[in-house]
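Both complexes below contain chain A, partnered by chain B and then by chain C.
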Partner chain A sequence: MTSSWKQQLVQVLLVLVSCGHGDTKTAAPTPTPLPPVTPLKQDAKSAVLTGKNFTERVELSSPVNMTLSCTWKGDQDKPPNITGHWRKDGQEIQDSRVTVMLEDENYKLIQVFSVVSEKDLGNYSCVFGNEARIDFILEVLQMGEKRDKPVVSYIRDFVVMTCKVEENKPIPTTWNWYTSNGTDKEQINTTASKRFKIVSEERETKLKVKDLTLDDAGQYYCGAVYPIGTSVGQVELKVITFMEPLKPFITILIEVVVLVAAILLYERSRAKKDSAEGTQTNAEQNTEPQGDDKGAEGNDSVRQRK
Partner chain B sequence: MGPAPAEVVGHKPLDGGWGWMVVLGAHISIGFAYSTPKALSIFFKAIQEDLDASYSEIAWISSIMLAVMYAGGPVSSVLVSHFGSRPIVMVGGLMCAVSMVTASFGSSIVYLYLSIGIIGGCGLCFNLNASLTIISKYFLTKRPLANGLAMAGSPVFLCVLAPVNQFLLGQFGWRGSLLILGGVMLNSCVAGALMRPITPPPVPSSGAPTKNGDQPDKRNTKMKQRCMKKATKFVDLTFFNDRGFVIYLIGNVMYIFGAYAPIVFLSAYAISQGVEEYSAAYLLSIMGFVDMFVRPGTGLLANSKWIRARVQYLFSFAMIFNGTCHLLCPLMKSYPLLVAYAVFFGMGFGMVFALIFECLMDLMGNQRFPSAVGLVTIIECFPMLLGPPAAGFLVDIFGDYKYLFFMCGGVIVTGGLFLFIMNMYNYHMLEKENLGKTRKPNPTSLENPDGANNSEEQMELNETKGTETNTAREDPGLERDKETI
Partner chain C sequence: MFYWLRCSNSPDSTVDRPQRDMPKPGDRSGGAGGPDGGWGWVLVAAMFISTSLVFGLMRSLGIFFVEFVHVFDESAQAISWISSIGLAAQQFFSPLGAALCNAYNTRLVVMVGGLLSGLGLILASQATCLVHLYLTMGVISGFGWALVFTPMVATVMANFTRWRALALGLGFSSIGLSSFAFNPLFQLLVETYAWRGALLILGALSLNIVACGALIRPECQPKARAKEDSGSGSPSRSNVLQRAASHLELPLLCERPYLTYTLAVTLFNFGYFVPYFHLVAHSRQAGFSEYQAAFVMSAAGATDILGRVASGWFSDLGHFRLVHLLTLWTVSAGAFIMLLPVSSLSGSYAALVAISLLYGFGSGALTSLVFAVVPMIMGVERVMGGLGLLQLIESSAGLLGTPLSGWLRDVTGNYVASFLVAGSFLLLGSLTLATLPHYCSCTDPPPPPPPQRRSSQGSHQDPFPPTRTTERRDGRRGEVQAAGRQREF
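Showing the complex of A and B:
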């Protein structure tokens, strides 16, 4: 297995070097003129460094042989060869130190990594000399919709939380939901707790929680499981009692009653003033609240009308 | 149909004083009526998730609310002419509050259709109709300005309710928000309290003493003739004999058909042109903001000496302007140009809506306006419901938004041109008719003749001056009556 692996590695390297793709920022999946022995897909990313630092994010969903190639234009003084090495998550990878020759005014570092499981993801850096560095952050596919507002629901009510994956992204193998337990994430078991129900379709998953209590509030996590790892989305749930919206409602109710009473009392006092003056100078200003079910002040003006 | 002199006596419009408080009340009332169906759409996503409904099922809530609001026009007209505006607006406010509060407990989409859609729609319908009627009672010379100020309630309330709804949604979820919104809508009752009644209980000239629940859409469970007779008391079909009314109606139907679709699809069009989502939403806010100022401005303009007598021309100009904006929209491909389009759209939309009811009042006069507006709103129900789906259908077939704008712009421009030409004809015919008529103190079918001479308002103004002498004559009679008590 390992010998065919190394064979394949060397062949891929040769293919890449002969292609000479150097400066492109976008990746092209490497064509494999190799015998299709491996079940893993091939992929390649490359970057050119002009300054001291550069970072590129790579989203993955399934295991892949990732070829990373770095090109560096070099410093002021360009020695004919320098040492370069690779790091994973800041730690130098063993046996990765090589001597890089100066070709066409550029230094190149190329390495193939097999990314099979979640532990293979991380920050891969190629380092030229001691300082010049390009970071490739290999991570699981991120979920599109970032929800920043909490979902609000009420005690003894139910709530539905959803997570979606965008149309053009691959479909997860399965969905999981987790609740936060202190600092840990604990998976929700729908058979154990009857209040929780998970309905998952290909690109969407829904968690329905019935009969809410105040303890149910907090962070919930939906995990889209891919062959390479799990992509996690976050939903915050807020549970409030019914009294909370009731307070503003009652405040507004009181305000309305006060205003209506004030307006009608003002009107009544004006009508009384007008009738007290005993004149009917302005026919228009004499109010006739004929449909007014609030008071019997119509009597005064009615008397005058007749 | 003509008012007896005694009725006109108590009916001299105030044109100021408490009238401005009534305008405030109408502003609030109309604001709720037009902005609530749109502002509710902020809750739709949350409701959709909780009740597991599709987007189109949820969108029906707004459509039902708008449809009931317009379709209930005739019923509302009859109630207003019976009881006056104040009780009706207060009842409307109560109904809206009840609808929102009951909706907050809802657990199925049909329940929301009934509570928000039907009960809420009824409440809003009462609000709208009664507010328009009372403006026509309180104002004559300054009526265009009063109308403009009152109609400005719609964009103002929309601009206020939209962020408030967002805030409420984040704090209380959609249920609590609906509850609080119900409380807020109780402020319609305050608006109603401001609408001090002005006339003695008028003898209902259309004579509709019974409301046996016969809907204007004529569900003939009883004998056909009896039904027809009762129905005509709700919906006075003699209006269709009125040339000016028919012209207005046709022009309006065309306008409403094309008016709402661009609003619904503006964000989507902007996003398709490469604008990002937030900025696309901003376009509608810009339009609303411009609308807020254009409506009173148009009212002020329509009030001026030169325009007042020819306000129908201003209305048709506003429609043509609005339609032209839409026709030019497909040329606007960059964000600054779209902003310019939103500004001009807001201007055109505001101008039309500031004048839309003023023109009807102008044509029909104070006495016939309440029933006329009921008839107009129920007929406008159809283009309003059909317009956006038809436009959406065009987008689906052609895959391009420009045909939507062409259709809407084309229909609106045609409507505007139709109004313009037909109003010229109408004025001409009326002038000919008036030359053959003797000037009576209580004109029955006085329409809008040409020129500054015989405009209806001036007729009514002359009337009121004439009736002032009438009141002088009648006052001794009244005083005699007083003495007998």
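Showing the complex of A and C:
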């Protein structure tokens, strides 16, 4: 690890010596390929700081030589040169202090980092003087479509949990699923436990669990394995008994039965009252049944005309 | 004390019906109507709830479909067949529902329909494969919905004369309002109880339709004219068929006004649903963001609700004939559908939103009138069967119209052709409306008298076909009616 830093430092010094003062604004030094057999890809990120702090997130999927360049506009008094250094995860990188010259009202720090494995990821900061700082957070590709609501299912039912990578992002090498075991993550072995089945396509993976029990509830993690590291997504599983929805169901059922009974009973009581009144009036008008019939027929014809 | 709660067929209620001697343009002479108000408004509330539980529920099922795609590992198209089957079942079984109401008790039919639709959803919660969902959510619930929708609409129509369109508009406004309310509710249910529990609870909610059906009092039911029985005891096969045909109101299919109207509504249906399915996609294609496209759809939905109620209220004021107003709304809806791609092609979001608002209003306005005109064509007595047949025939257009527009889009690459064709179908339907008999007169013609009751020979021929009566001049209307009445008594 330290040997690579030393090599980087040597390169920087070489560049400084060969190009002389005030020449750092020209090209970002093209690094020579490092000892690893395959030549790494190149990439570059830059940021301009106007305030005191700035953060930029960089997502990586495979090993790369990352050139980070920071430009600072300085504050009120602009000394002709200040000291700048680099930090990784808050710790100052050894032998990274350099003197930065002021040119075109700007200070500039450029550094190349070789990011090969997961331990090379982290928070890289360039610091001007003692205050101004730009953070580059180098991390594994994050998965899109984070499902923040838990997946719910029932005892003895089956459930499917998915993790997806967005369309324009690179395809992971492989997918893994983990379950949380206390504070640890334990990989799910599909051959050992028959209830679990993992179906993975390029950009999507599904964990199918059947015959659920209450113990299966908890956090599940899907890991997308990239050359640089593993990107982890989280899915929470909740297992409920069938009693849960049954409570509102029975409540609504009771409400419906009560309503229907009330409506029908009300109507029957009203009909009884009407028939009680009706028999009274019928008894009074019993002498003229003919007239009533004719009147009804006349009303019918009036209705028809309309 | 409960005088006002009575319905039409009780002997006392004819006293409070307004007597109108001079026919006005908006005269609702659609046969024996109901006494507006009183228990009728309770029925409107029942129709509100039951329609929202039928169509509002159907429209919000999309939330479950997302879960089904996930869980059953099927394509979105296979899942969308669930709602297609449900809608097709609802429309296909409509005549059957109408016939059952004519033959038996409307209240019983609606309550059974509510039970079936709830049962379908409850059974669907236990599904383990997609076919189960097709059968339960699609067929069983669809059949239940068929037994609910047409009878409720016919009941409300039978209980209103003067305020018929407003009552229908209020009842139909539930569809839009409930789909606004159901979407977040279903989302919450699915997140809390998973789709199984949510379907179970939905089934229980659908059972509320049974309570709505219980509100249909025996005297408020749409009274089809009493079908004359054969008199003899043994039900021969031809006798049963003839009774079934009369319950289904099949003779309606031989009447020109009804056929014309059905054709017009079928043409409407070709174009009516296209914006629902394609507006969002079209907005996205025109370059607007997801939220902008969704907002356009919501805005159209909001004016749709407004249009239903407003057009119902306005047409009941009586200044214009319902048919004329219906033509106005269908022409405007058709024109705005045709303008939709034009406005979005110009790139202006404000223009798209404005045209969508106008289109929403027009389509909502025409929805409440499409049903309100039906009693004009055939008389309130036959409205139950007529509605059922109308639903069945117009369903074909709904099934064909959307794939046609999708095919046009695939062929041409954008939605312009689909919208233009959809709008032109609506305009074509309006032209067809104009061929209804007595279209240009200022007052409604009398509805054709129902065919003569089956004589003992068993012939179905109507010796006085309706077209003859409706072509008489208005001045001689009284004469025709007197002749008709003599025949009947």
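The rule is simple: the second predicted complex is superposed on the first by the 240 of 306 C-alpha atoms of A that agree within 3 Å, B and C clash if a C-alpha of one lies under 4 Å from a C-alpha of the other, contacts with A are read in each partner's own complex, and residues count from 1 in each chain.
Definition applied: contacts are C-beta pairs under 8 Å (C-beta built on N, C-alpha and C of every residue); 3 or more make two chains touch, one makes a residue touch a chain.
Nothing here was measured: the structure is a model prediction, and the numbers come from that model.
Applying the stated contact rule after C-alpha superposition, one finds that A:149 touches each of chain B and chain C. By the touch criterion defined above, A:116 reaches neither chain B nor chain C. Looking at the superposed arrangement, the partner reaching more residues of chain A, out of chain B and chain C, is B.
In the superposition on chain A, contact is made by A:264 with both chain B and chain C.
In the superposition on chain A, no contact is made by A:232 with either chain B or chain C.
On chain A, the surface touched by chain B in one complex and the surface touched by chain C in the other have residues 149, 152-154, 157, 159-160, 162, 240, 244-246, 248-249, 252-253, 256, 259-260, 263-264, 267, 303-306 in common.
Those residues of chain B that touch chain A in the complex are listed here as 9-10, 12-14, 17-18, 46, 49-50, 52, 82-84, 86-87, 169-173, 175-177, 179-180, 182-184, 186-187, 189-190, 193-194, 196-201, 471, 478, 481-482, 485.
For chain C in complex with chain A, the residues that touch the partner chain are 2, 11, 14, 20, 29, 31-33, 70-71, 73, 111, 191-194, 196-198, 200-201, 203-205, 207-208, 210-211, 214-215, 217, 481, 485, 488. Interface residues of chain A facing chain C in the complex, by the touch rule stated above, are 149, 152-154, 157, 159-160, 162, 240, 242, 244-246, 248-249, 252-253, 255-256, 259-260, 263-264, 267, 270, 296, 299, 301-306.
Chain A makes touch with chain B in their complex at residues 149-154, 157-162, 238, 240, 244-246, 248-253, 256, 259-260, 263-264, 267, 280, 283-285, 287-293, 303-306.
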